[in-house]
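What follows is a group of structures, each given as structure tokens.
Shared between the two complexes below is chain A, which has chain B as its partner in the first and chain C in the second.
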Partner chain A sequence: MSRIEVTDISKTFKDTNALTHVNLHFEENTIYGLLGRNGAGKTTLLNIINNRLFPDSGTVTLDGDTLTENTAALSRCFLTNENNLYPESMKVKNAFKWSQVFYPDFDIDYAGKLSKLFELPQKKKIKSLSTGYQSIFKNIVALSVNVPFVFLDEPVLGLDAYHRELFYKVLIEKYAERPFTAVISTHLIEEAANIIEQVIVIKSGQIICSKSLEELLASGYCVSGPAAQTDSYIQTKNVIGTESLGGLKTAYILGIPDPDMPAGLEISRMDLQKLFIRLTDMPESHS
Partner chain B sequence: MKKIFKFQLKDLLLSCSIYASIMLLLTITAGCVTVAFQHEDIYITVAGNGFASAIFCLAVGIGMYKEHCQMAVMNSVSRKDFFKSLLCIAVIMSLICTLIDLLLQLLNMLPVLNPVYGSDFTNNFDILKILKTFYPGFFVNQSAAVIAAAGFLMEFLIDGILFITGVLFAGIYCRIPKKYRTAYCIALPVFGCGFLPTLFVAIIGRFFYPPFIRQLINAFRSIMGIPDSNPFLGALTFAAVSIIIASICYAMLRRTEIN
Partner chain C sequence: MKLNLDQEKPIFIQIADGIEDGILTGAFPEESQIPSITEFSVNYKINPATALKGINLLVDEGIIFKKRGVGMFVSKGAVSQLQKKRQDQFFDHYISKLIDEAKRLNITSGEIIAMIERGFTQ
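Moving on to the complex of A and B:
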């Protein structure tokens, strides 16, 4: 089983600590969700893993081989992000052809099929595509490269609801047909939650959570009911956040719910987005 | 390395073929116009293309670096492999441009395209003419074949230096912070096309002639083999300069971050 190991990575931009002693790993054939607020360090982390940025300290290895400046190891990874790094004059169809040169397993027929499905004009220059279609183009390349590790940084940036749904559907189909590791960094947590298996939450350049989705969601629950009753119930609990609406109050609690809940209070499963908001909202000492 | 080399080579061949076509078309058009209208005393010659190839090499070096570097890093090619490919491209580029220039020189010598002044005439400053100025003894003592070889070698090295210099300029541009880039883009041509020629003229005209200049000029003449009329020593110096510039380029490239 292939594995990417990120060990003690730190990165500073002038006086900003983008990443601080980050340790994590990516296993083969798993879909990861890399979640974090704006400026949390998601893109920096993905750029370092893929040799686009250099860490100030720490290492990134793939099966024990460093990924930094190692063409052989790097050819097993692919990163797509919002920046367009293709030459000014390159057309979509030429980009597919060159991707096949750089990645021998690139499936050009599949890329063509997806282009038709997403109505991507292949004769247009990449730079002239709209933001949405640039995202579609990059996602098509990412889904066609057929490498063990694919990193998708904001893959649905600029996509409308129809194309977002289509993208997730195609991603799942591709994953089922030919499993690979996909690391998806996104702000649209609700949508991605349906396909994510492992969740990594990054906050201020530090990994605050790296668990399976099930494990993460089972680590907490929501209690809602009349404000007075809710307040009384949560006094001895590990509350990570509350919301009030009129006389009703909802509390987000870490831990296992009591078997005997007081009458009038309702328990519900925590959803990923709410948990994410609460986790990243908490003061440093809590997280 | 092969993959990025293939990509760069294809791009290079495309740009070289466009450049060669334009130069060829200009030369042939000028010749044809002269032939067609010579009875009306209309003569056209293409002037100033002696260093066109060298300038073209500089421009290609500047133009190709950023896009190709991004393309390489995006497609999982290490910077080291990209640099190796870049060096191969520099050699091929210089060779192609030297050959294009040679072809244009031969075309210019054709009596049919140059009927007015004859095959000896050229109003271009080609490399061979420059060599003749600096190494007159060499042109007296050596055979035509050796002189041609020396001219070819010098032009090849000059094209190579300019290509690598273009890469260096683009490399510095990519590494410096964005807020300094405009200043850099203005300062570079002002320095290269304004300050340096002015300094050169001031030294030649002795308006500015500090005591150390004589030693500097003598040292330059020695390493270029001018006192001994030995252009091969000059070629060796050019080769050494190419290596030094290439090393600086690599030092910059190896820490270049793409995001």
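Moving on to the complex of A and C:
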């Protein structure tokens, strides 16, 4: 089984600590969600993994071989992101052809099929595409490269609801037919929540959570009810957040619910979006 | 079959429940083929592993069987098996909730029975 190992990566930009002692690994044929608020370090991390930025310290390896300046290992990874690496005057069609030069398994017929599906005009210059279509173009390349590790940085940026849905459908279809590892960075969690298997949460350049979605969701629960009852119940609990609405109070708690809940209180499952907001909202000292 | 992905129940359970409903209503008749894992996951935009986990619940119970290289099929006798299972769960899933709510609203057992009888005649 192939595996990417990120060991003790740190990176600073002038006086900003973009990443601090990041340790992570990516397994084969798994869909990861890399979640973090704006500026948390998602793109920096992806750029370092894919050799587009050098870390100040730490290593990234694929099956034990370094990914830094290692063409053979890097050809097994693909990263899309905001900065287009294609010359601005290049047409979509030519960009597909060039992708095939760098990635021999690039499926040009499939890229053409997806272009039709998303109504991406292949004769247009990449530069002249709208924000949404630039995302679509990058996603099509990512889905056609056929490498074991595909990193999608904000793949739904600028996409309308129809195209977001289509993108996730095509991604699942591709993944089901020919499994690969997809790492999807996003802050739009709700739509991706049912697709993700492993969740990585990054906050201020630090990984605050890396586990399976199931484990993560099972690690917490919500309790709601009259404020007085809720308050007395949560006194001894590890509370990560509360919300009040009139006399009603909801608390987000880490741990397992008590088998016998006091009357008047209701338990519900934590959803990923809520958990994410709570986790990334916590003051530094608690995380 | 319609899923409510925002609901409390884990999605793989909802997939299993949805297929069960389909079998009980005749949408997936006995001995007929059901959609593939890919079709389920693409359609509901869920991870194929989740769809597989849901379907495997039904495979373990013998309600669905897999034919290697062909696909997945509804077992013979699945309808009566499911009816039996759901009858066993009927009290826990429906009646106990009904009684809880009736108690909150001060509805007596006699009044509930009258309502049920009225419902059956409609």
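Keep in mind that, in the parts below, the second predicted complex is superposed on the first by the 287 of 287 C-alpha atoms of A that agree within 3 Å, B and C clash if a C-alpha of one lies under 4 Å from a C-alpha of the other, contacts with A are read in each partner's own complex, and residues count from 1 in each chain.
Heads up, the rule we're going with is that a contact is a pair of C-beta atoms (placed from the backbone, for glycine too) under 8 Å apart; a residue touches a chain by one contact, two chains touch by 3 or more.
Treat the numbers as computed from the prediction; the structure is a model and nothing was measured.
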Fit-or-clash call for chain B and chain C when the two complexes are aligned on chain A: fit
Partner chain in contact with A:Phe102 - chain B first, chain C second, else both or neither: first
Which of chain B and chain C A:Glu69 touches, first, second, both or neither: first
When both partners are placed on the shared chain, which of chain B and chain C touches more of chain A: B
First, second, both or neither for A:Gln235, with chain B first and chain C second: neither
Which superposed partner A:Tyr86 touches (first chain B, second chain C, both, neither): first
Chain B and chain C, minimum CA distance [Å, superposed model]: 28
Chain B and chain C footprints on chain A, overlapping residues: none
Chain C contact footprint on chain A (complex, rising order): 31, 165, 168-169, 172-173, 175-177, 191, 194-197, 268-269, 271
List of chain A residues in touch with chain B within their complex: 43, 47, 50-54, 69-71, 74-75, 77-79, 83, 85-88, 98-99, 101-103
Chain B to chain A touching residues, read off their complex: 1, 3-4, 6-7, 11, 67-68, 70-71, 73-81, 254-255, 257-259
In the complex with chain A, residue positions of chain C that touch it: 5-6, 8, 11, 37-38, 41-42, 44-50
